[in-house]
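Note that subunit A is present in both complexes that follow, paired respectively with subunit B and with subunit C.
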Partner chain A sequence: MPRTTAIATRELSKTYKDVRALDNVSLELEPDRIYGLLGRNGAGKTTLMSILTGQNYADQGTAEIFGHAPFEHDPTLSRICFIRESQKYPDDFKVHQAFKSAALFFENWDEELAQDLVEAFALPTRRRIKKLSRGQLSAVGVIIGMASRADITFFDEPYLGLDAVARQIFYDRLVEDFAEYPRTIVLSSHLIDEVANLLEHVIVIDKGRIVIDSDAEELRGTAVTVTGEDAKVQEFIGSAQIIHRDALGALASVTIKAKLDSEQREQAKLMGLDLSPVSLQQLVVRSALSSTTETGIDERTEARK
Partner chain B sequence: MIDDSKPIFLQIAELIENDIISGVLAEEAQVPSTNEFAAFYRINPATAAKGINRLVEDGLLYKKRGIGMFVTEGAPRRLREQRREKFQQQFITPLTAEASKLGIGLDELVAMIKTGSDS
Partner chain C sequence: MNRIIKVARMQLINKATFIGIPLIILGGSFLFTLAIWWLVRRNGSDEGLYSGGAQAPMWYFLALGIQALTLTFPFSMAMSISRRTFYLGTVALFSVCALVLSVFYYLIGLLEVATGGWGMGGQFFALQWIADNNWLVQILFYFVLMVLLFMVGFLIATIYMRWRTTGMVVFFTLLGVVVLGIIALFTFGNYWDQFWSWALNWTAAGITLWGGLVALLMAGGSYLTLRKATA
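This part shows the complex of A and B:
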């Protein structure tokens, strides 16, 4: 059976005054996967998610959710849950009232899961939402996002104010629940190291443009950092594409785009060179930097010398 | 446990292989489900499934419909043979390279190995 596309955009562009928030974004997201939408603040992540959830519109291009434009299309909107970084709730709502209205809106709402998470986050449900701490407010969003079990759930930096323990609860519960109830999840985050292993696919956006759109597993091991005597490092890397370069006296540490086979690894060892893996976070940071300007990296390296 | 050096599904496959070789997972024993692996290692369930499927393709695990995944008879022996073949390249080559860098001769190296395996 052919899988329908969950999210499709074609040449999506959006400009605010003189800022190009989205620039020709074409994407296809398949259902039942966890996507990471990564990028710096202001890269265009929230704009993209707002358009995909019908809360904003594009200047150019198209966006479709399960084959429909989401803007003012209720049957589509009811399949989407969007948890914003600063999610707003009606002023005098108490926590349990927010859950109650979410339960009315989302037909797959799982009350048991919601209660379970309330306990895990030790959330006071009788308290007014505006009296909650920042972390508790984030927990409300996380719980609604998870318990809605919407076909597509967007989490836009959902962890503000949550400490490391609470964030781990979120990640663990997400993996657990996703395994049992697969659905499309788009997780926007700049805590990349924390979420890297949860992602099946990675989309990196920078200055409104897509700079990486790749299977997470394919990205792993595609770059390596070679450290050692400068001349030997040069000899070893040859003409490989350099992502980043650091130098300390006669020592060089160069990150290259390359998948090394065991023979090359052995050769590096014999040459006295150290090889170290490059994390998804480093790869994303480097990609975002190198898309900014080619010389940007060199200047930074020079400045550090 | 899981690092960035290579795809996670390969690392999951290796972790299970290690358990088969060491006997933690005996022949004909049931292995944890994909979702249990995903939850335990905090990884995407699709990635865990890919690692397990690789072992199924290699004939080291087999599926019993509706029940789960099991270790194939003879899997530990096969894995040990495979690992022996890689042993030279993975361990001996770097060992001798490091030894020669430090000026440790072959006889001295052999003596060190003997002392090490006695203790």
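This part shows the complex of A and C:
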């Protein structure tokens, strides 16, 4: 018997005025894995997560959580936790009151874990939420997400404003807790290199379209950068799909979509060509760029910053 | 059902919002009124003293209706609560609060009459026009007024949550046009005398009945609007 899918969408589309936020998104996410939802700002990550958690609704297509549409369905919603990056809290709420509230609604809420994380993030729980710094505000969302232990937990750019130490605490704790309590985790991020090691599966969204939906391990081997004399590089890559090309004088550095076998690697060595692996971040940036041909130049400079 | 009660408990996590602040407003306006009455009596006036101060907390409910939605609704979405559950829990909680306060108004009105208007012949809670009715009408009258004001705030806030600024502009423009239209109609048709003689003849029971109906309509309207609102 096949395992039930945690999240399934079919031809999901959503348009805001003249912006196509989601364009025919079809996905299937298995339970108990860590997924990365990657993409640029405004690519449609938050919109997708909002629809999956019933906070928003699609214009077309269907979204199902454990086989049921989440919109206005309490039994399904109670298995999900999604704290937005720009989450609003009641104006007069203090940090500990937000946790008290979360403990009411999330059945698997682990108060011990929450307190533990409060200490790790040095979060002042008696302070009003509206007086918190950006990093502390992110920490509140991270703690609710982790301690809720919901069957499906979404983290929406959870590291905003967190310093490097706090971010590492988040990544470490997430992996630790996941090992003990496996559940489906969807981590949305544009800091791709930082989360790359956590992810088991990568979904890249750009301008509302899914451009990559692949196992993280598999993905790492799907592209390679070939560097060397322009003519030789050209000869070597043949008709392989080019993701990106950089040229400096007679030298060229071309990233291609290809899986090289040992024979090809040997051949490259003989031709005096350098082969280097492509990081997840580069791969995502290149994929996002190649799907935007017209404005590619401007965006390339932006991506390098 | 269970989650509806949890929504009410969530709204009560900060007890000031639903219980503390209304009591402070009521207590404050009552004490101010007593102080003013005392000053008036010292100056030798012996006329009847009336105060509209009892309505002070009711206006807070208008703000509460807006606040319960604009700030708590996005948070309730993050708590994975459906809009329906959020709506039922919030409205139920407010109804209970309003009912308790209404009974309190009635009881303290009895006390006011028994003490001869706090020893000064004043009327703060037991205003003649309302206190002349039986207990049920009195309690329901306060209750309906409170719910009505809360619902006005709630409905406007749901329209905002669903259609944002556009919704506000359209709503208030339409409201302005309708009000202006009615005024124009009355003015050109010379209906104003008729209107006032009709309006001044309203009884507390009549207001309760029609106000309750309007509150119900607004409750239905805000529910339907909220069903597709987004955080």
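Note that the second predicted complex is superposed on the first by the 292 of 305 C-alpha atoms of A that agree within 3 Å, B and C clash if a C-alpha of one lies under 4 Å from a C-alpha of the other, contacts with A are read in each partner's own complex, and residues count from 1 in each chain.
To be clear about the criterion, a residue touches a chain if its C-beta (ideal position, glycine included) is under 8 Å from a C-beta of that chain, and two chains touch if they have at least 3 such contacts.
Quick caveat: nothing in here was measured; it's all calculated off a predicted structure.
Colleague: Quick check on the superposition: with subunit A as the shared anchor, is it clash or fit for subunit B versus subunit C?
Modeller: Partners fit side by side after overlay.
Colleague: Quick check for you: in the superposed arrangement, does A:Arg134 touch first (subunit B), second (subunit C), both or neither?
Modeller: A:Arg134: touches no partner chain.
Colleague: For A:Phe105, decide between first (touching subunit B), second (touching subunit C), both and neither.
Modeller: Only subunit C; A:Phe105 stays clear of subunit B.
Colleague: Quick check for you: in the superposed arrangement, does A:Leu270 touch first (subunit B), second (subunit C), both or neither?
Modeller: It touches subunit B, and subunit C stays clear.
Colleague: In the overlay, answer first, second, both or neither for which of subunit B and subunit C A:Tyr89 touches.
Modeller: Once the two structures are laid over each other on A, A:Tyr89 reaches subunit C alone.
Colleague: With both complexes overlaid on chain A, does A:Arg33 touch subunit B (first), subunit C (second), both or neither?
Modeller: The answer is first: A:Arg33 touches subunit B but not subunit C.
Colleague: Students often get this wrong, so check: with C-alpha centres, what angle lies at subunit A between subunit B and subunit C, to the nearest 10 degrees?
Modeller: 150
Colleague: After superposition on the shared chain, which partner residues are touched by A:Ser279: those of subunit B (first), subunit C (second), both, or neither?
Modeller: first
Colleague: Using only C-alpha atoms, work out how near subunit B sits to subunit C after the chain A superposition, in angstrom.
Modeller: Across the overlay, subunit B reaches subunit C at a minimum of 26 Å between C-alpha atoms.
Colleague: Do any residues of subunit A touch both subunit B and subunit C, and if so, which are they?
Modeller: After superposing on chain A, no subunit A residue contacts both subunit B and subunit C.
Colleague: Along subunit B, where are the residues that touch subunit A in the complex?
Modeller: Touch list, subunit B to subunit A: 2-9, 34-35, 38-39, 41-47, 50, 89, 93-94, 97, 101.
Colleague: List the residues on subunit A that touch subunit B in their complex, please.
Modeller: 33-34, 171-172, 175-176, 178-180, 182, 196-200, 216-218, 220-221, 262, 266, 269-270, 272, 277-280
Colleague: Which residues, counting only subunit A, touch subunit C once they are in their complex?
Modeller: Interface residues on subunit A, with respect to subunit C: 50, 53-57, 72-74, 77-84, 87-93, 97-98, 100-102, 104-106, 144, 150.
Colleague: Could you pull out which subunit C residues touch subunit A in their complex?
Modeller: Its residues touching subunit A are 3, 6, 9-10, 13-14, 16-17, 67, 71-72, 74-75, 77-85, 227-228, 230-231.
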